[in-house]
Every structure is written in structure tokens, then in C-alpha cells.
């Protein structure tokens, strides 16, 4: 991934020297619209942080846009249409819904505005590149982490499992769940006995988790596919003092989830790199606007955070974007 | 005036008798819903060996508490023939501010009254907009549903607020005589609400305004005052729920209380309240909340799909309103 | 001295002059019927007595004393009860709760004033007995009562609160024949108890049956007042349709 960033940086430089050798890096007139799924979550705030960091380095303007809820598909379509009408230099967008955003993204491309899709894909190929966590891979890693944890605790990879989906109909969550279930086939001893779909409601996540634990007293592992479910499952486990008995692996990095990792309630967090999505997204967008060609898909990577590595400097920036230190190659 | 009237008395006596007896035989909806809830309990007791365990019952008691408190508050505007769609967002806003105050190491005993005051202020704003500006309650509180949620995201930056003091666990994780403390708090709030509605002039005026606001005004009831009090109660109880959610989730979460207003309205309606006003009881609200909690719990314990659970809840609301309507028609037929 | 006296009442709503000097006197213990075509100003006139409107000019005297009502509540406390056409009962409440609405007796419970339901119940039963009413006093709510019964509840309310003046606004408008009789009888009974009753109606047969005197309104003025036994439908209709005193006599 780092290599790709370097490549991008280099190509931007090259493109510029070719076009305007006299004024090497004046992008103050460039404006990049960064559109996320919801302006109201920590995760997307981190994408914005990354985008702002890139904007500062490059000296360009960005607009940070998004609906207030990830369920508001129509809202994001409207925002995208308005963005196209305002003719920015380029657009960075995370598609709330793959089908609904396909046409607006294709329209932008047709209107000559390069589009970098981040985090969640759309059902179209008419954009520059897709820069994202491979959610399927994240799910796979979650299954592996759970198997490792269960093996460490019980000596064997066997027992009853549950998984929690935060919201129905969200592509990235579907991919995580699919990766998790696909990988679980490698561990025939692990059987799914419960699955609940929530509504991104923290109280419901907690209630569902409590009830699953009631119904399945022999549960050995839980997979929670976002931070709301992770918080809920973690609270239920610590409420019932089952933190050391049931393995819990969750996506994301809410402050409560990090506490749970430190307390040993959550065994592993599957952590994406939203900062890099925003940061690289803006770099790529500018480069694409100057004619740089990118591969169709760029993996922004997933990391596994456990109690063992949670305090390591490598993870600090992932857990708290304010501590994100860019490598010397990427800084000014 | 003690003597009997000389002329023929009005109305055939037979009809009067029939009517009196029909009134006696018209059981309140609460009773049917209670019966249904008991049936569901028996069914779940048979089909899930975990349902009637002490652990599960104590879980359900904690789960129902917050929903019921919101529903109790919601009942007041509903009786007035109004509605408060903002309670879920108010719970989120008050909850997140409560959590932020605690995270900033403010003592609970200071954060609590501040949060309560905020709840009352919001209720006052809702009530004034409805009564003084004459904007329909539906519109005012729809704006609140959106606006207060927005404020919640604004003040929290959309992030959860962790780092709650351990003293908060005193509410969410303790029991009094084997009954979860949250349930006890809910019961106290419920009893006070019941008392207000059943035994005070304020309560009586709520029903009077809800069934005929104009007549209430004509007999000299201060409709404005009662309206303000009702919306303040709704928002205050939402603030209680918001704080209890913080204690239960051990954090402030800006997504807390999403859809709580609909849950509360559903519980009130299933418990016999009418959205046309004038009807509804705290006991009914409580039974309605218990029924919804039971269905959720049952679906989880039986592994029924979350989607079927929503369908069942929807059918239930439709069924209760249908049964209630039939009863009303039958009653009107006697007239 | 008349019980209630309106003199020279003027009222305009914007450019529309609805009352143009209404003079009317009501004696204690009589039923005074107020008739007139739609728009003659009957309802507007009685709303001044009920405390709903305030006159632009003119005055109201109650038992000889000039009064100015600031609100319906004020008029009620001075002893003027108005029973409106739409009955104004709260359907969700019981008969007793309606009779006592806005004036509930309270008792202290742990120092908190609570509604004294036992007292309401016993007083209501006694009152309904006194009116020989067939309203089931234990009816859960008034929603199930017939129109006549509802009217009786409203009249009982006036009686209980020792109203000096009771205004009945088209009390029989939506009632069955049998129930009309009952309402007429209740009105007479109010008068027999010494109450001054203003009875607004359209049905002249009924008016002549219930009233001691009849006042006719035409275009915002009382144009004719006559004893019920000294008039008939034809004469009343003439005044209602704008004949002058002289024309009516001549015709």
C-alpha cells in the first residue's frame, strides 16, 4: 500500500512537471469533494481527518460531505448529484449502496470529474479506482482470530458460535459476514448457533447479545461486524463476567471497544485504515485529475489489534487518528 | 325536586339498561393484551427452557425498564391527542451530554440535575411551539426528532463517549431485593405517573383535553399549562431514559434511542391508548412494553429471524388497533 | 330588577357589525326563548353572557350590578353556565367527572391534593336521582350516552353548581322526539328551581312549549319580546323575517 502511495505521489509530481513546470505545486484552486456514508460516526470522521491531512500537504481545498445516517441512501445520491453540479476537480466517495450510487458515479465520470471510490464499492466500473478495506478479508481474519482464541482457551477449535450483523442491506457488512462464514468452513468444529441483525441501535445490540448468551450457555465465540455490535456484545459479556470464557472479535475501534480489548473482554479488533482511505483518496483524486491512471482496486489493508499489540506505536495511528504519523515519504 | 317527574321519562328504559350492561362488559384493552402476554409467556416457557430462568427474567426486567419509561412519558402527549416523536432523540441528546459531563469528571449529583433541567427545557420548547404557536405536535416533534439527533451528533462529533465512572454501575448492574435497580426505578416512575393520571386534577384534565379540548377550555381548564406539563413530562422521562441508557451501555452513544419514539408509541397503543386522545393508562403502557420486550426476547431465544420479529411486532399493533376498533363500533351500535 | 340584563350591546368583527344594540332582560325562574334566523346574532349575543366575547359598547348587569367578564371561567364563577350545542362533554370521562370538570373537590393524600372520587360519585348519584334521570351514574364514560342523556349531564352540571343563569344553545338540535321532551322538562325544572334560563332554538313548536317568554332577534337586534301564551308561530316568523312591529300587527 505504501508503495502505491509513493507511486501516486511521484506520478502527481511527474504529471505536474510535464504540464506546468514553472509553478510546481499550486493546487489552491483545486477542490475535491469527499463524500462519506454518514457524517456522524467516528469512522467517517477519521476518513475526513485523513482527507484534511492530504489537503494540507497538497495545499488544495476539500469539501467534506455526507448524509447523517448510513441508511439514508437517497440522501447520499442527492449529495452526489449536487457535487457533480458544482464541478469539483475530483470526487472521493464511499458508496452507501452499490446499486443506487452506480449511476451518479458514472455520471460524474461522464462529466469529466474523476471519481475515487473508497471503502464501499458501487456497481459500475466507470471510476478511477476503488480504494478500500477488503471487507471479505476482514471477515476471514475475524474467523481466524476467533479460532485462535478458542483454541488458546479450550485447547480445541470447537464449540458454538454466534455473529451479530449491525444493519441489514449494507454491502460492507455483508462482505464481512460472508468472509467470516466462508473462513469458518475451515473449522468444522465451530458451529453457528445464533445470528441477530440489529438496527445500528446500541441498546438493541446489548439486548440481543444478552439473549444470545442466555439461550446458548455453552457459547465459545462471538463475531460482531461493527462497533455498535462490538460495544453491545462487550457490555453483555462484561455484565455477565463472561469475558474470559467467550471469545469476542469485533470490527472497528470505538473508545469502548479499545477499553474492552485492554480489559480482555474483546480478544481482537479487525481494524481498517480509514485515515489512509481519506488521505490516499485525496492524493489519488488529484493525481487522476492530472491524468494518472490507477489500478482498478487498491487494498487499504486491515490490521488485527489485540491486547498484545494495542500499545505498540504501529497501532497508535489506527486507534487514534490524531496520533497518525505519516512516513517521511508522505509528509512534506 | 324530590318528586318523580309528571311527564314521561326520556328514552326507553330497556335501552338504558342494555347500554349500562354493555359498558360494564366492555373490558379494557389492557386486559386482553395482558392475557395475550401471559399466553406468550406460557408458550415461550414451553418452547425455550431458558425463558423462565432467573437470569433471563432479570435480563428482561432490565431490558423493559428503559423502553417503559419512554413509553410512560409518551403517554401524556398521546392522552392529550398529541404526540411526541422527539423522545428518542431527546434521550440521545440528554444521554450524550450526561456522559460527556461524567467523562469530564463532573460529579453524578451535579450532572444529573443539569440533565434533568435540559430535559425540562426541551419539553418546554416543544410544548410552547405546539400550544402558543399552534403548530401541530406531529410537526414540532418531527422537527425535534431530526434536530435533537443532529445536536447529539454535533456535540459528540458522532463518537461514543467512554470513561464512565464505576458509580454508574450502581444503577445498571445492581439489584434491590433481587429485582434489578433499573426495574425498581421504572416502577417508581410508573407509579408516580399512574398517580398523576388517575388521582390528580392534572391527570383528569389531560383526559378532558384529549377528548374535547374546546370543552376543557370552556370549563376553565388552563389548557396551555396542562399541555406544557405533558410535553415536559415526555421530555423529562426521555432524559431519564437517556441517563439510564448511558448507565446500561456504560457509555454515551449518539445512536442511542434510535426509533425509541415508535417503540414507545407502539407500547402505548397496544396498551390501550388512543392516538385520537382521551384514552390510555400507565398500566397499559407497561403491559405493552413488556409484550414487545417479550417478543424480542422470545425471538432471540427461539432464534427467530430478526426480520420476522419486526413483522410480528407490526402485525401485533395492527391486531390490537383492529380489536379496539371493533369494540368501539359495537359500543356505538348500542347508542 | 331583572336577573340578567343586556343593554345596548354592540359587537363588530372587522367591518361586519353583528350586534347592533341588543337589549334583553331575563328574570329569575323563567325560560326566555331566543329565536331568530341564522345570522340574526343569537349565538354572538349569548357568547357575551358566557364571557367568550366582550362587547364593543353596552353593558351587562347581573342582579342589578354591572359586570364585565374577562373569560368563560369568570362568567361561570359569577353563576352563568352555558350549555353549548355541541354539548362540550369530555367523552373520555365519566358522568361525575364531567359534572365536576374544572371544579373537582380534592382531599389530601400524603399532603398532595388528589381528586375526591368518592365524593364526586356520591354527589353525582344524588344529583341524578334529584333530576329523575335515567343516566347510569356508574357509566364508565359519557361516550356511550345518548344525545338526550348527554344534554341532561350538561344541565345537571349547571344545576349542581347553583347557576343563576343557564344558557341552553339549541339543546334539542340533534335529539330524537322522546329525548326532546326530556330536555324540555329539564329546562322547566331548572326554571322551577329559580334559575333564569335562556333557551336558544329553531323549532317554534318546541319554543312555545318550553318558554315563558320569547325574544326575537333580527339583524343584530332584539326586535320583539312577547309572552309565549300571547303569540303563535305565524307571528314569530313575521318578526324573524324582518317585519316591523307595525307591519306585523297590520298583517
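A few comments on the model shown:
Labels A, B and C are assigned to the chains in the order they are written; within every chain, residues are numbered from 1.
Quick note on the criterion: a contact is a pair of C-beta atoms (placed from the backbone, for glycine too) under 8 Å apart; a residue touches a chain by one contact, two chains touch by 3 or more.
Here the structure is a predicted model, which is why all the values come from computation and not from measurement.
Path length between chain A and chain C in the chain contact graph, taken as the least number of steps between touching chains: 2.
Among the remaining chains, the Cα-based centre furthest from that of chain C is the centre of A. Between the Cα centres of chain A and chain C there is a gap of 73 Å. Chain centres here are Cα means. That of chain B falls 40 Å from that of chain C. If you average the CA atoms of chain A and of chain B, the two centres end up 38 Å from each other. Residues of chain C found to touch two or more other chains are absent. Of all the residues in chain B, the ones that touch chain C in their complex are 1-2, 4-5, 7-13, 15-16, 19-20, 22-23, 26, 195, 199-201, 204, 207-208, 210-212, 214-221, 277-279, 331, 334-335.
Taken in their complex, chain A has these residues touching chain B: 38-42, 44-45, 68, 168, 193-194, 196-203, 206-208, 210-212, 214-215, 217, 227-228, 231-232, 235, 238-239, 254-256, 259. Partner chain A is touched in their complex by these residues of chain B: 48, 50, 53, 55-56, 59, 63, 66, 149-150, 153, 157-163, 173, 245, 248-251, 253-259, 296-297, 300-301, 303, 305-307.
Listing the residues of chain C that touch chain B in their complex gives 71-73, 76, 82, 84, 86-93, 97, 101-104, 106, 109, 112-115, 117, 130-132, 134-136, 138-141, 143-146, 148-149, 152, 178-179, 181-183, 185, 189, 192-193.
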